[in-house]
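Here it is, the structure in full.
Chain lettering (A, B, C and D) follows the sequence in which the chains are written, and residue indices restart at 1 in each chain.
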Amino acid sequence: MKAPVWKWFIEFTHPTQAHMHGVEEVIYSGKTKYQTVEILDTEFFGRCLILDGKIQSSAYDEYIYHETLIHPAMILHPEPKQIMIVGGGEGAVLREILRHPSVEQIIMVDIDREVVELCQEYLPQWSQGAFNDSKVQVLHMDARKYLEETDQVFDIIIMDLTEPVDDGPSYLLFTKEFFQTTIDRLAEDGVLALQSGNFNPRLIECHAAIYNTLQISYPIVRSYSAFIPSFDTQWAFTLAAKNLDPLQLTPEEVDKRLQARKLNDLLYYDGETHINMFSVPKDIRRAIAQETRIIADNRPLITY
Amino acid sequence: MKAPVWKWFIEFTHPTQAHMHGVEEVIYSGKTKYQTVEILDTEFFGRCLILDGKIQSSAYDEYIYHETLIHPAMILHPEPKQIMIVGGGEGAVLREILRHPSVEQIIMVDIDREVVELCQEYLPQWSQGAFNDSKVQVLHMDARKYLEETDQVFDIIIMDLTEPVDDGPSYLLFTKEFFQTTIDRLAEDGVLALQSGNFNPRLIECHAAIYNTLQISYPIVRSYSAFIPSFDTQWAFTLAAKNLDPLQLTPEEVDKRLQARKLNDLLYYDGETHINMFSVPKDIRRAIAQETRIIADNRPLITY
Amino acid sequence: MKAPVWKWFIEFTHPTQAHMHGVEEVIYSGKTKYQTVEILDTEFFGRCLILDGKIQSSAYDEYIYHETLIHPAMILHPEPKQIMIVGGGEGAVLREILRHPSVEQIIMVDIDREVVELCQEYLPQWSQGAFNDSKVQVLHMDARKYLEETDQVFDIIIMDLTEPVDDGPSYLLFTKEFFQTTIDRLAEDGVLALQSGNFNPRLIECHAAIYNTLQISYPIVRSYSAFIPSFDTQWAFTLAAKNLDPLQLTPEEVDKRLQARKLNDLLYYDGETHINMFSVPKDIRRAIAQETRIIADNRPLITY
Amino acid sequence: MKAPVWKWFIEFTHPTQAHMHGVEEVIYSGKTKYQTVEILDTEFFGRCLILDGKIQSSAYDEYIYHETLIHPAMILHPEPKQIMIVGGGEGAVLREILRHPSVEQIIMVDIDREVVELCQEYLPQWSQGAFNDSKVQVLHMDARKYLEETDQVFDIIIMDLTEPVDDGPSYLLFTKEFFQTTIDRLAEDGVLALQSGNFNPRLIECHAAIYNTLQISYPIVRSYSAFIPSFDTQWAFTLAAKNLDPLQLTPEEVDKRLQARKLNDLLYYDGETHINMFSVPKDIRRAIAQETRIIADNRPLITY
């Protein structure tokens, strides 16, 4: 008898807490200039992308993550045309944005060219050709520098970044200074959406600090969340806007807008899902309300 | 240097998926007539109860599980007086029910006397003295037999059972025959609430089958869920009723009823949490809708 | 289907090296004044004793460990009568010593009374009644203090101690000062034998340092070893003596002495095993020869 | 803080026994026509080759394995010239054989060309150029077919194969029929040496059966062993010969022969190591003596 699996990806979220994923095949394993990359085929979740030891998305459930990150912001905006993506290397963010018929231009800035190329080669299901769409322009540079120097104005900015670990490529993109730069580049109806940490109440500090920091620049800041099976946890997202508020959208209005954009075939997002996402359990609301930290360039957020 | 932890509780949910919990101290480990029992102190979640290798609740987050199981049904009913609990050995179900001032009598039937005694000894935080309340009567017998033979009528029946594994004590309490017995013992405004499996879309079959089976007997059946950190997953619950519908409760009405019962100090449940719980993501809704299995005494549900 | 095992004892020997033992039942788990104690039933090795997270012996292979620790010294001595044991809480050291007919008195000094009592209760296979033998006297005190203050002279001293971790009970019993105390209490033909660390060439420093330190006091010092399956490694022992040399014993002489003492029914030790034990592979010999560290009271040996 | 390691190679030797190796980098992971291949950099043992989930050798300790497999047979033979290797893909067997000055020709037959090429690319420390030596001829075909059809006669045959798992490439190379073929192709002073399973007494059946089967064809059969740290166990080898007996070699004679061949710079093997290797502990001797199974083509040996 052969043992069924001998390669394991073990993601420690704490010194005494870990999740074990049995690996069928290692598709790719290497280091880019910015981070380590593994692309693994697991029996349970199919192909997975791992950056710096943390699972980013899996074939089985990336639809949950990406629909949650993209559609609330896009549906909230009446007619999103100019879109900016910070990060988003897998290409699934592009894919979901391109489903909205009003989109005219997407500028994606992901510093790590190698990750983007690896994703196109090994994760084609994620981008489904989106990188070749003529509306899409991909830049490999520091997104912060790009936003500081451009004078373009966006309807939507999406931040799809890895966790802000201390020597990772993302930690200066979760600060009050960067958040101010994003609002400066948003149009009047502009919306920012970002993944923003664990929604587990025991690990909520990261999300709470991001939420709190966004409130300095944005009049409207809303936590929302989805359970991502391959993350083994409820995951946090944040939507921030100048004047549009996702809590004002009824499920019927969400469904109506999706219908109008011919998006009623989404797998995860619709009116009822919108209500689920944006209603926050009491314990989490309390923890967020008590948070006082402000993340700044000189005091970045470092997660485990 | 000593290694910080050498005892691990590893919960496999699938042959290639497992969660590792570092254990600080084994408080109790043994076997009752019906199941194995471990009571473990973990650094991350504090004290945990493990039955047949599956975590049942942890000191850190049992409030989420128990408030979710109890309060939606209790708040939905205008004046719950007669309550029946099937299982519920830890005593936290009792504790939460007793918070509702209208309660006059609680009959708890848990077949495993030893587990109930162990919980009173080692998990006093769970029951907080509830076993000594004069409204409470605890019976150690087969809950099915009890319900079949009693002629008492209940306002609320709570099922707080372990997973229906094949030689475990619970598998005949998740069948259409048993569910019919429960509705026969409910008053006109009666409500049944139960924990009902994993809400992970990859593992939804168990919940979907329970939901589908309940629909044979009950006019109103509603899935709801909560993320339980120590389970590493979104967990499913079901509320079934003769005529009351939790989807008719606005968050304002939930908060008003909680206020009237002086329950505004709950940690997890309130009006917004109610909305979150009962709104079901689209993928799960579809999976439940497609389920056709009926669980019966001669065709029980067996989970991994 | 139930998962077959969910409790694991994971012994880390290094931050990136660990051995996993599936546990069937936790027999005992607690803390004494000096160390943590677990007594576990494993499917593979049967009952195991774990002190401070390190496996001490298993039902399956304790015969290898204990025969290796005891019989080379006892057989080397022509007529061992007065025996001292430092540690040895399980009682299997007593059991093996008592097999030699010349033995008149055994003084066992183990500081941890609770461990000794737990072993009698839960590991009766180890001691097989030896604690009740009229030749045996057990003291619960600091063995160093005992040896410093007694004027008794011993033929054999056996050291069966846990690893010298920094806040464990043993680290002052592996120093040049203590080794000098042992030789002072040995008769002319006296022999000291001790377990002395891992024999894995990658982890040989501990053994090499003990060997080197013993050479200060003892004219004859010999490394020997045995593969202990439950330790997953070749384990080191050291024999030190005033004038007797185990390398002078031919296998025929060992077998003859065993025969004379009616010990030809041992499971592990005989003439050929003696040759195997005391012949040291070249890489280990070289590593030991290069060691220069001396362990002293003010510079104790601390292992991982 | 980043977790130090998140990739683990976990080698299960039994459903409740496993060893965890933290992996720093996956150098290669793929499948050949015959087996899965992983080449991993571990912190503890350096680069490792894994075939079908079992560690074959590590940079840190491959010298132990390969010196043990090669030199006893080569030294036992007074002047080995014609050498046959069955398997041996890493090239370290070649490297060690080429150190003996009398060698004129080495024919290595390893069915898996891809493994041989991967080893040359990723494990150059193993072969150290040996594949380019003009005395070496490498064939990629079924070694059994080769030996059955050739009329060449060899002084030494080395079998360096993976475990005989049921659908692996090796299971028909551990049968009485194949062993008879090897002795038919050996010269009068010919010697066969092979790795032959675990030497752990709890897992000795595989070795004992190989030993027992060899005795059908060979007048002289000797078990020997070495502790291989990266295998976490004592590993078995067998030497079989027509008339030469390694037990007749004194350590002095071994050292003299090594000296004559200018092999006194070996890391592991010398006269004392020879004695250590070929002396077998009593429990293992008894288990081997009691073995009655004969491995045959129609009744192959299948290990876990």
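Definition applied: contacts are C-beta pairs under 8 Å (C-beta built on N, C-alpha and C of every residue); 3 or more make two chains touch, one makes a residue touch a chain.
Computed from a predicted model, the values in this text were never measured in an experiment.
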Starting from the defined contact criterion, work out which chains touch chain A and chain D both, please.
none
Interface numbering overlap (same over half, different under half) for chain A and chain B
same
What is the chain whose Cα centroid lies farthest from the Cα centroid of chain B?
D
I'd like to verify one number: the distance from the centre of chain A to the centre of chain C, where each centre is the average of its C-alpha atoms, in whole angstrom.
57
Averaged over CA atoms, how far is the centre of chain A from the centre of chain B? Could you give it in whole Å?
33
Mind checking the centre-to-centre distance between chain B and chain C? Centres are C-alpha means, answer in whole Å.
51
For chain B, residue numbers touching 2 or more other chains are 10
List the residues on chain A that touch chain D in their complex, please.
1-3, 6-12, 25-27, 29, 31, 38, 50, 52-53, 165-167, 302, 304
Complex contacts: residues of chain C adjacent to chain D
4-5, 10, 14-22, 42-45, 60-61, 63-64, 199-202, 226-227, 229, 232-234, 266-270, 272-273, 275-276, 279-283, 285
